[in-house]
Amino acid sequence: MTEPGILQVRHVFKAFGGLQALSDVSFSVPRRGIVGLIGPNGSGKTTLFNAVSGLFPPDRGEIVLDGRPIAGRPAWTVARRGLVRTFQVIRVFGQMTALENMLVAAPGLDARAEKERALALLDRVGLSRHAREYAADFSYGMTKLLEFARVLMPGPSLVLLDEPAAGVNPRMRETLWSIVRESREAGTTFVIIEHDMNVMMTLCERLTVLNYGEVIAEGPPEEVRRNKDVVEAYFGKTAERAER
Amino acid sequence: LGPAALAAEKPVIVGASISLNGAYARTGEYQKRGYEMWVEDVNARGGLFGRKIELKYYDDKSNPNEAAKLYERLITVDKVDLLLGPYSSPVTKAAAPIAEKYKIPMVSTGAADQAIFRQGFKYIFQTYTPENFYMDGVLEMASKAGYKTMAAVNEDTVFAKGTAEGGIAKAKQLGIDVVFREAYAKGVKDVSGIILKAKAKNPDIFLGGSYLPDSTLLVRQAKELDFNPRVYVFSVGPGLPDFGKNLAKDSDYVFGPSQWEPTLKLPGAQEFADRYKKKYGDEAAYHAAGGYGAGQILEAGIRKAGSADREKVREALAALDTMTIFGAYKVEAGGLQVKKIMYMTQWLNGKREVVWPENVATAKPILKAPAWKERK
Amino acid sequence: MLESLPVYLQVIVGGLLLGALYALLASGLNLIFGVLRVINICHGELMMLGAYAAFGLFALWNVHPLLSIPVTFVLLFLLGIAIEKTLVERVAGAPELSSLLLTFGIGIILTSVAMNAFKADFRSVPALTGSILLWEIALPRARLASFATALVITGGAYLFLKRTRAGKAIRAASQNALVAETCGIDVARVRLFAYGLGAGMAGAAGNLIALSYSFNPEVGHVFNLKAFAIIVLGGMGNFAGAFWGGLLLGVVEGLTGYIATAQVVDAVAYILMLLFLLFRPSGLMGSAK
Amino acid sequence: MKESLLPAALAVLAGLAALLAYAALASPYLIAAGFTIVLFVTLSASWNLVSGYTGYVSFGHVVFFGIGAYTASLLAVKGGLGWPAATLGAASAAAVLALVLGSITLRLKGAYFAIAMLGASEAVRVAASTWESLTGGGSGITLPNLLSPRGAFLLLGITALGTIVLTYAVAQSRFGLHLLAIREDETGAEAMGVAATRAKTAAFVLSAVPAGIAGAANAWHINYIDPESTFPILLTIQMIVMTMLGGGGTVLGPVVGALLLGLAGEFLWARFPFIHLGLYGLLIVGIVIFIPEGLLPRLMARGILPRTRRL
Amino acid sequence: MRKGTDAETAPEMTEDSVLLGIRNLCAAYGKVEILHGVSLDVRRGTLTCIIGPNGAGKSTVLKSVLGQLRVTDGSIRFDGREIRGRATHKIVRDGIGVVPQGRIVFSEMTVDENLDMGGYTVEDPAALRRARERVFALFPRLAERRGQRAGTLSGGEQQMLAMGRALMTGPALVLMDEPSLGLSPLFVDMIFEKIGEMKRSGMTILMVEQNAARALAASDHGYVLDLGENRFDGPGQDLLSNPDVKRLYLGER
């Protein structure tokens, strides 16, 4: 218990009707870290992101960002405190150009610098050619990339990525992960949901595993990978393959 | 005067806005027919001082704003010489100040609201009997028949309310008690609450300041809820042929004031009614006769003035005392009609008869409507 | 004032009878909204045409206004199909605003056509007047008939949607037309049919209106607004909701007219609607979210 | 950015000069007709400010026009204020009403919002006709002649110009971008840090003010108001149709639409008194089917106009 | 070459063996042409996959087959018949099932009702019931959530539902747009397993995948698309070991 992490989630519960989507979830994210959140489909990962980012309040529990409680605060205040996220089911602004999409997320201090930064980010994810096209005309993967670039636009301190690489071409995925590494070096913290285990093993310092809304394991990737419960609930044969 | 000289004379352009859409579309249409028949007649007679009359009109959609703009247009763009009024009091309220502003005489028809003619305007002249006299006839008869209580309802618009309040004032004069009083909104779809409350007071007279749809509804729901006053009277509905069509036998015994009836022994009224029927296929309603009468008043004014000069026509109209197919015309300062009386009709055996005043009556009134259950 | 219980019963019964008619009108509107995602602002105008159809049949051939219901239903069904096929289908998938305006334009055209064809006279069909007495309560014949008819048609449509395969296809098409097509559903036909059905229901409602009210070409407007208020009360797209919403509005209007004044009755629909939007946006029947 | 402000400033000056010249030179009828046109421009531009940019389709925008008309008239008749103060009062009343209504209705989405606004405007209309002691009920209010037709035209013309400038400023700003983001996906925008409730309420209030002033100017123009003609639903529809024709969410779209339809309206009612409503209906249908995105966006897509949010 | 050709002589060349044949396909969104002459063959009973960068036009190929898009040129033959220009719902009745990209389900309907809609063209209720049982056997998770509104399922669950829905008619050809998208490793394994099973049961599958290595490994034949054109094609394993494909499209160093 040295320096407290940038984000603490303590005893969070969330139910939908009869379904307990999160039950007593606690975890914490160290500053400037890359933390992975994994778990079978429907285990509550996206729900946890939603609760943390202020899309809806948790039923119970505490969420602390940078020492300040944020549970139940509206999404935009959370975002202005430096926590932004991407969506698993993409949410770009279709009738706006890629560039405008980027600028919505800008802090609005220096218009020219922000525009340059936006273009540079779009370039990184291979969309500079499409900067002035409407996002509605993008292919699935292109929208994912746009959303990824957009989330970095405000210079956030904590980024939640919900399957950012799903539907993204393997080559572009590598770029994407290297951007994550670079941003971490520059001081940004990441929490990532991703099903590509090869990536998660090398990218993340810690993994938290959810199953049926509960944390069933937590720790460094190597350790988590060997956890029997996790193997059974999540990896299946992939784990064996990764061992080989 | 040779034909060449005649043709050279410019026509006298008479302007008006007319409600061809919106709430007053039907009555507006009637009024327009009256105007048009008058124009035809004048022109068939060779015009006025050799000048033909030309009617210039636009549709005001029953909207006062629109009418104000249209009169502005008629005056400044179409350069009309004289004006006829639009239909309805609210629309006239918006139109009158424009005519006044440009000092152009306007014979107003279709507006019974006295307030318009009490503003001290100099260029506006009323054709209709003001609304506060609408109910006089029936109330006098009812009072004579010994009735003592009355329920009064009205649509909450200027004219309808004015007729009801005129009726209430008259009733008080005659010693009749107003035991129930309520208003309802324009376009009302259900009046059962009103009927039930009125029924609880068991009044002799049921008076409505209303138009056709609400009059119809009031009678229909009175029957449904077995409300049985002895005298029914409504300001506008029963005056229209459609009242009988819409209610069939249930329209019987209902009184309705009338500005005019084709059967009246007024000079030219009968003949107008016949010609109207031939031309348009339906019975002439008073709105049509009012339109024609307004034309006649304007015509009389021009004749008296000796030309279509606006100032002279204004003076003539202010002093005129004349008779048209629509009834008497004479106004006091401000243009308020003071000479024309209101007639009272009653539906009897599916027909509308004039029952008051006695000297023009076509039938004897029945002042004791049978209860609904007793009707066949 | 000394009110007795029977009077209140009378008011409530009157409201229910009127409410069923509202329900029929709103159900058709709701069906169209649910399937086509089109806010059919010309619904009241379709109803108005139904009223004229009934009036015409009565005036020309003396057809009893209850017997004319199937005819008006079919006539308006066909008109609905024509409108959908030529116009509404072209805005399939466009934002709500487009269809809102399109149908508004259609409504104006229908009013204008009716105005030129039938003039602005207020009409009404003098049949089924008076009441049947049940204990101390008067049941107006015309409204009783409306009530029964509205119940039958609304119920029939409800069962159709819930139970039949075609009904489910209608619901699927309402959610994602592209995917529904990939399930082999002919979405264009479904939409056509749903619109026809909604229009037919509006026509039947018009037929019933002709029985109890006077109407003219412009009467559609008021009913439009009420029908909207009702589907908000019931929950948009919720078929059963429109039915209960209609009844609720009928009763509340009746009570307002009796307890307060008929002056404010029209505002009741809007105020009720605003209250619902605020406190129970999912409507009477909707579960929260 | 600095130099690009110049053409805009010049355009505003030119507009102002044109207004003044027209007010000074036009015949009374042309003033009356011109009044209708600037009325349409003001109203569509004000509607566009909230609905075009945020996508919250206000189907009862006429309520702000109406409240402006009533406030101005009452302040003048009962409060004895002159037209400038009464007009300011109208603007403030519209703003306050927008704040109150907005805090209720802007929580609703899509069609719900549209219909709630429709209901709100009707409810206010019913209130205006029922509250007789204040408003004169169905009899309406007759006003003294406080401002000449020319004056009313100029007042409204400047309001129209101001609304356009306001729209331009909004379109250029981050605030405008936020409004557009709300139009596209409100939840997504909030997650990006957009204070959606605050932004859309601000847009709503901003859009209500010109509509309120328009109501006041209209009262000065015709000197008589009543509930029926002050809260006509058709006027809301006209704002929407005009904006749609020109293109919502653009600066000049509503202006173009209002000019075209305003002129077409004058043309239609003058020529075809019996069927002009039907023709108007046909026009709406035609617009929706053939140019649903509006003229300006269509021209931009065709490359005839530059694709920019400045227009 | 029509029916009756000796299958033994040139099996891969007969029209018979090709279930879906695309020749020189050009397609556009509005004015913008996206596909500039794509050709590919899907042979009966095989698994064929299309890979390529984002925006290459892979989904567009599938949409063109389904008639959801303006095809400007070329031909699309299914089971020997030209289907270009045919209405989507008819193409589906011809025997093509679809799993759309991005987990699209009827979100206001229950899982059961979604499956019903998948089997919309199946008239016989008993057959429908059997089809549903097959789907539940394949995806037990769906059986657990039969009555739940599909919109509230997790991403992975929705993907399973979309697949299950496509299988309800027992189609001859299934088009899948990224079936593994967003699925946990366990499910990815399972899905590839099931796809193999489906293939063995005689179904023909055309799949678009970003999980490219995995997809190629499982495929009989693969196509690489880039910028709306064919780049490479060949047996899955060949492509997998082709150094250019590796470098450009699989992202392996």
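Letters A, B, C, D and E mark the chains in the order given here, with residues in each chain numbered from 1 onward.
We take it that a residue touches a chain if its C-beta (ideal position, glycine included) is under 8 Å from a C-beta of that chain, and two chains touch if they have at least 3 such contacts.
Not measured: the values here are computed from a predicted model.
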Would you pick out the chains that touch subunit B and also touch subunit C?
-> D
Compute the shortest path length in steps from subunit A to subunit C over the network of touching chains.
-> 2
Please find the path from subunit A to subunit B through touching chains that uses the fewest steps, and give that number.
-> 2
Of B-D and A-E, whichever chain pair has more C-beta contact pairs = A-E
Where the centre means the average of the CA atoms, what chain is farthest from subunit A?
-> B
Report the inter-chain centroid distance for subunit C and subunit E in whole angstrom, where each centroid is the mean of the CA atoms.
-> 44
Distance between chain centroids, defined by C-alpha means - subunit B, subunit E (Å) = 76
Could you give the separation in Å between the centres of subunit C and subunit D, each centre being the mean of its C-alpha atoms?
-> 32
Note the residues in subunit D that touch 2 or more other chains, in rising order.
-> 126, 129-130, 274, 277
Which subunit C residues touch at least two other chains?
-> 112, 115, 263-264, 266
At least two other chains touched by the same residue of subunit B: list those residues.
-> 21, 23, 156, 185
In contact, pair by pair, are chains A-D, A-E, B-C, B-D, C-D, C-E
So in the complex, which bits of subunit C are touching subunit E?
-> 165, 168-169, 171-172, 175-176, 178-187
Going by the contact rule at the top, pick out the subunit A residues touching subunit E in the complex.
-> 16, 38-43, 46, 88-90, 126, 137-142, 144-145, 163, 166-174, 195, 197, 233-239
Any idea which subunit E residues touch subunit C in the complex?
-> 66, 68, 87-89, 92-93, 97-98, 100, 104-109, 113, 116-118, 120-121, 165-166, 169
Residues of subunit A touching subunit D in the complex = 53-55, 74-77, 79-80, 84-85, 87, 91-96, 100, 103-106, 108, 111-112, 132, 150, 154
Seen from subunit C, its contact residues with subunit B in the complex are 1, 7, 10-11, 14, 18, 112, 115, 119-124, 126, 129-131, 138, 140-143, 212-216, 218, 222, 253-254, 256-259, 261-266
